[in-house]
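Letters are used for the chains, namely A, B, C and D, taken in the order the chains are written, and counting of residues starts over at 1 for each.
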Amino acid sequence: MIVNPYQHIQEEAYAANMQLPELGLVLFTFGNVSAADRSLGVFAIKPSGVPYKDLSPDKMVIVDFDGKTVQGNLRPSSDTLTHAVLYKHWEKIGGVVHTHSVYGTAWAQAQRDIINYGTTHGDHTTVDIPCAPPMSDEMIAGDYEYQTGFQIMNCLAERGLSYEECEMILVGNHAPFTWGKNADKAVYNSAVLETVAKMATLTEQINPNAPRLKDALIKKHYERKHGPHSYYGQ
Amino acid sequence: MIVNPYQHIQEEAYAANMQLPELGLVLFTFGNVSAADRSLGVFAIKPSGVPYKDLSPDKMVIVDFDGKTVQGNLRPSSDTLTHAVLYKHWEKIGGVVHTHSVYGTAWAQAQRDIINYGTTHGDHTTVDIPCAPPMSDEMIAGDYEYQTGFQIMNCLAERGLSYEECEMILVGNHAPFTWGKNADKAVYNSAVLETVAKMATLTEQINPNAPRLKDALIKKHYERKHGPHSYYGQ
Amino acid sequence: MIVNPYQHIQEEAYAANMQLPELGLVLFTFGNVSAADRSLGVFAIKPSGVPYKDLSPDKMVIVDFDGKTVQGNLRPSSDTLTHAVLYKHWEKIGGVVHTHSVYGTAWAQAQRDIINYGTTHGDHTTVDIPCAPPMSDEMIAGDYEYQTGFQIMNCLAERGLSYEECEMILVGNHAPFTWGKNADKAVYNSAVLETVAKMATLTEQINPNAPRLKDALIKKHYERKHGPHSYYGQ
Amino acid sequence: MIVNPYQHIQEEAYAANMQLPELGLVLFTFGNVSAADRSLGVFAIKPSGVPYKDLSPDKMVIVDFDGKTVQGNLRPSSDTLTHAVLYKHWEKIGGVVHTHSVYGTAWAQAQRDIINYGTTHGDHTTVDIPCAPPMSDEMIAGDYEYQTGFQIMNCLAERGLSYEECEMILVGNHAPFTWGKNADKAVYNSAVLETVAKMATLTEQINPNAPRLKDALIKKHYERKHGPHSYYGQ
């Protein structure tokens, strides 16, 4: 009997990928989730271009943090190298998600940070969700997906943000990426980003001069959920 | 055999909470409903951070009107003190709802009252749905959820409105709260607020100079449903 | 054995009412459909304020063209007199629908005619969908729902339109009404109005100077579906 | 036993038509798909005005590339001649779709090309999705649907585009048409067009000065999916 040492992350990645269509975050195959096992130094990721209805846990491809396929007959997601770069450099994350969700993508195309207009946003991060600029022509012509990972890291660095303070980003001209302690949390963050992006779009339509969330509320709402004295959840 | 004296409001609160995802008013756990029994001086409320699919009537936490937990092993909603304040001061309400529904929240973020543009709005209240200003830094830094209840009451008082004339409000920078004679009516009001907020957004997009609902129609539509000679319903 | 002479229109009205939530045209009970039998001089209409899930054919109330209840224990829709007036004056219609569908209502609140911007609109009527002005205070204070019927008829008359050329209207400050040869066609028209209203909203957002549908296309598309040489359908 | 030589394209056309309501691309019967067999010189197309729930493979009408019905008792889609013209002139296509999807139609009514604002668009075509101008009065008054096919071909020719570079178009005042190597791909293109149209609408709302997709990204994303060294999919 052959033991599959990756079954747990294949199941985690499968379940997380299947949440994307349920949450209305993907059309066809325009999205992918990965789940990592840091002790094994690998992650499981959706195969490229396979419809969600045809997925199963055993089809999740196992890839190491340099982007090399370790197990699996299918080609991994075309965005695999971006996932690999983030896992390699951010040692506390266990899941990464990329979608082309409609409102998040529209803000990425508009090349604007999603402004923190209210507590729905403030419950999840204290800062505006950054929009990284489109990559330079050199980065694009080179190892594109690999460079996308660096573009994300560079943007956070320039804003003075850690990947733990802000688990979401937009890549200009392109679409959102999110991450978290595991695949489930990363998917959760993708849904939050999409909702917050829709609310910000409508807020500006209703009042083009809408003010940002007050500093006192930014502090309060973030601490309710994430501070040392948090009292949200069980 | 142990008798549970709170079963009726746990079941009422459970059923009302389960309506929120069905009506499209919540993402994940971003909302909560409570149901009160005034003779017992308590209300049943959703536990904090528990997904709707994992809820059951016995998980509803029983809390008194000062916000103290009377029965239940789970932590009640982080918004519990806001509910408690409203029950304590408004003696005719039996249900309270808080959501982050998308259009209602966008108006709260825009910090504008939802204008009464038509009979859909006018069937439910004669006035614009007020947007309370964001709280002062002192209120936020203090007992935040408790003060949110007072912010709501103060806003109605400043507008000269009773909680029976207008069963809905926005809290600026934050999101909507609604109430009613029972939990079911409070949920109904949350859905009405969301629909009316969407219609108002579109009305201003289609005609930035759209007029308000005529006074004669405000009077007529409200009396059709709520006046002494009402003729809506059975 | 008691024969119910109205069973056929009760079943027609029931089935047509049940289409409203399926088509996304109503929230709660904010809409009603009636179906007439002209040989009997009566119509069957939804009872007032009864949720769609609790409806059944036998609950449809039978009313004559003067608005008097002929059969049924429930109170008919509060909009019954508007339906009665239209049946009484327009001898070829067999169904009437009133909804508060979101986009149609937003145009009614904006008090603008829905402009004929394309063939989706032009397949159903050659003209802009009229928005009748809000009624005078005298009409509102009088027999309101009865006068709503006359407001609709007067608006068509002022535009020089027959009820056969245009089976849809908006009542300013209020919401849409549609009609047709039977209840099914009237519901179809309500769904068309909502879709056309949404398309017109977006068209103006994408191009504030968007031109109207060309006269030659107005003529062509209407004749494809409705002219003596129509070739749409079986 | 009678052999039906067209069963395979009837089944293909049926399955593809049934995807339109599932993907939210049609209201009622406002859309149609055809599937061709080039060796037989015919295509199967939806019958005109038949609701999707009443369709079955054997109801698909078989038509030749001159628009003449070869098999079937029902009248084919009123847009059949447009399909025929495209099959006749574009020898590598196997499927054609016409819908009145909401965002695509709004851009057609606005008479604007859908601008390539991001990689979601760029994954499918390097160019803006063209909007052909409304036809001349002479073309409309003549053989309208036949001329619609030429209007589409002329528009691509004027832009210097082949039907393989861009498998989607808008017809001004009217709605989208798409095509592809088979019916399934043509439906896929219709869904992509609708999503891209919605994203472009929102992008311009969020930032009226949003820049186009960078040339380097246009090249990169198209080659990822379609170039000789493509690495998307299996």
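Simple rule for what comes next: a contact is a pair of C-beta atoms (placed from the backbone, for glycine too) under 8 Å apart; a residue touches a chain by one contact, two chains touch by 3 or more.
The chain lineup, named per UniProt: A, B, C, D = L-ribulose-5-phosphate 4-epimerase.
In this text, all values refer to a predicted model and were calculated from it rather than measured experimentally.
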Chain of greatest Cα-centre distance to chain A: C
Centroid spacing, where centroids are CA-atom means, of chain A and chain C in whole angstrom: 46
Centre distance in Å when chain C and chain D are each reduced to the mean of their C-alpha atoms: 33
Contacts with two or more other chains, residues of chain A listed in rising order: 205
Touch-based graph of the chains, sorted into line, ring, star, complete or other: ring
Inter-chain touch pairs (all): A-B, A-D, B-C, C-D
Sites on chain A touched by chain B in the complex: 117-120, 188, 191-192, 195, 198-200, 202-203, 205-207, 210-211, 213-214, 216-217, 220, 224, 231-234
Residues of chain A that touch chain D when the two form their complex: 27-28, 30, 47-50, 74-75, 78, 100, 102-103, 105-112, 134-135, 137, 140-141, 144, 173-175, 201, 204-205
